[in-house]
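Each structure below is given as structure tokens.
Both complexes shown next keep chain A, but they swap its partner, so chain B is in the first and chain C is in the second.
Here is the complex of A and B:
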């Protein structure tokens, strides 16, 4: 019977365990997102340099990360590093490394695009009123870049949160994994638990990501030039 | 003219991009309170000359002096030079993320570290003069081209520049907005501002200039009073140039 399935959620510590899983998901995503934004901004500024060597290197990095499925990257860092160099990283650390590598590349490209979309005249007007290069960035270029960047960056953040579900496969017990464990232990008594548990997981992802994506829509409207 | 104090001296200026010579052996002196209008066909290097004075372009030979102090190719100190040289561009480049008042305050407060209160008073006074005080809290996108350009002039003036450079500032405006901008400039000229103006408005050039400088193919071809230049130009090239603005009646 369908109404039996939902019961599983509230049995024992299941709900708390699922929320604990969500917390793991959030910790890994937020840490990766924070690092990606920071490093991505730096990378974006580097990508804007005219040096051809820098251009080629950053391009290769970006393409490499985009072409590689995130799962392969996860395996590469988690299993590959151990096999090749004997470096033993925990699943959580591997996940943060991989998502930061990926997020930095994507964020860097967004920052590069946003910086390039600022017209040359904005720099010149800044110079014409006697600001030094640092002040031009601080008061003119960066505020405008952020306005163009934020909606896109928020989109990236929600994508990163969702993609962390892959880390089940390197043994990190996050929300999806906890869900699977609960389903497994109830397989015989409550076969319909699966749909309820996954629906609840869907709901949890939704309440995390939806406000973030609403925020991006609002900011986009507010800052429309 | 030589008795007056020289503000800006350009000596043997040469500018080239790789092999293309853009400006060749240009010598110009501008005295305090003088209005110099630079005329010439497109591509003769007028705008580049202004950009060289303001250090937006480096120069290959020669020197530029402002009140006796060398300002050309100063690299690191260039932002200090630019605080004394105001410039307004063709494409009314206000900062879109700041209000009109903040656009004006940015330079005086951040570059010159002046007191906010004092600058606000001055900015409001200047805005009132150009008839835009009621727009001080608006954003640039809410203004017309002519209004933006008047704000850009105020933004430059608020820095108390020793000389103002105007680079075809009415070229991108609708005809009926040109007037309001030119009127502001005429008023500045009356008050004794030192200005170097690049323009395509011949009537305006004649009305505002103390001296006309005619550039052609990267050289200074003619230098004379507006009266002389528009009625009896000395060079053949200037005659040709002026003829472009006269039309024969078609019917």
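Here is the complex of A and C:
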């Protein structure tokens, strides 16, 4: 009877449902990451401005997002926007908004750091050979920034994928929630199902996150050499 | 010029974020972050009630849309759960299907967590909550309850080797409960010396008991009776604790039309002993001889 627990995985559409849950997880996290990278680059460049007002505002935003747990932000966007403004967003859209707000702050700070790490003489050399600001950024600064940034940005992807498990609390049925549903519907008949389901969820997270993590390491090595 | 524009845009964005934050009281924010039952029991003041822009759909709007949205559990067998084919099942779902059928609309089930059931109604995310929702005074201040369709008391299950036969025996010991449930409220108020070990999911709570992480577990008596039947070495030492509570559908406060429809439906279904049929279909296979249908089922909203 030892195999009973694992058998639950192959009952009905359970396996397909878990993979469907993984797809929801990936959709939300990858869309959030794409938006975060885009907005984060803009934010990072804004954060490098000399304007003290801009610096204060971006600092407040960064600290606000870092201090506030994602779960609170999820509740604020999902329930709060509806109550305050009558804006009724779905759980999926709320999740993308929250993870984009969080990801943009993280990414913005990474971009700021990467830009600041580029020596001043690079800018000066560009100007000396007659390049304008756009050309300096396009041909000198951005290529170097991307090299420093990409491994860190890839790391953000894996963090985003793992953090999406919070969205079960706003009614989004992703991989962890599907797993819990399968466990619950079998808990009286097959109490050992839990260990198998969670092991399979771990395996799914692993096969998604491990290659991304390896890619990050490879790129870091490649660009160091 | 470019810098000024960026500064203005940033200021506006932050302003919007701040406004969103201010719209919810700190009490709500705190409860949301822990996702615990404080979210359900916190009473909104009148000012906040008035400022709620989330208005529930009327009965006509539901009919017009051709779909009713019902919040149910997706992980609490046999009341609300998802089967291996991905379909919602259970006692609450059985009733939800009938409500939709008699209203002449499709039904969409939204999975809810115990701790956020009130919030789903207050923010009009669902039309009705049918998630094993126990009627309490605190909840009744925030939502409108229809007539009950079930009654329940709390029970305590523990290992036979150290059977708990009275709640007083738990003083100084660890009791496992699920967040946002009546058990949490009951023990917090009546037995403050009992250490509560709280879990989000029912399965996690039961696994914790099996692992010996607590001395006992408390939830609805029917639940613990059914679980003890399936798990050797465990018995229900307390099978009826506290007052007999009722379970009822809930709608957003002030949604009178929908409330009246549900009440009329519950009354009219008594003629065909609908909830006894629901019991036989959904609960009897799980509870077997452990529970008497008449001690659970309420017909016509009349608690005997």
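Operating definition for what follows: the second predicted complex is superposed on the first by the 222 of 225 C-alpha atoms of A that agree within 3 Å, B and C clash if a C-alpha of one lies under 4 Å from a C-alpha of the other, contacts with A are read in each partner's own complex, and residues count from 1 in each chain.
Quick note on the criterion: a contact is a pair of C-beta atoms (placed from the backbone, for glycine too) under 8 Å apart; a residue touches a chain by one contact, two chains touch by 3 or more.
Being a predicted model, the structure only gives us computed values, none of them experimental.
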Contacts of A:218 with chain B and chain C, given as first, second, both or neither: neither
Chain B versus chain C as contact partner of A:75, first or second or both or neither: second
Dominant contact partner of chain A by residue count, chain C or chain B: C
First, second, both or neither for A:59, with chain B first and chain C second: neither
First, second, both or neither for A:159, with chain B first and chain C second: neither
Which superposed partner A:46 touches (first chain B, second chain C, both, neither): second
Set of chain A residues, in rising order, touched by both chain B and chain C: none
Touch list for chain A against partner chain C, complex: 8, 11-14, 17, 46, 49, 51, 53-54, 57-58, 60-61, 64, 69, 71-72, 75-86, 88, 101, 168-171, 173, 177, 180-185, 187-189, 191, 194
List of chain B residues in touch with chain A within their complex: 54-56, 78-80, 82-84, 86-87, 89, 91, 93-97, 106-107, 110-112, 141, 152, 155-156, 159
Chain C to chain A touching residues, read off their complex: 3, 6-7, 10-11, 13-14, 17, 19-21, 23-24, 29, 32-33, 35, 51-55, 74-77, 81-86, 89, 110-113, 116, 119-120, 122-125, 201-203, 206-207, 210, 226-227, 230-231, 286
Chain A residues touching chain B - in the complex, by the definition given at the top: 119, 121-122, 124-133, 135, 139-140, 143-144, 147, 225
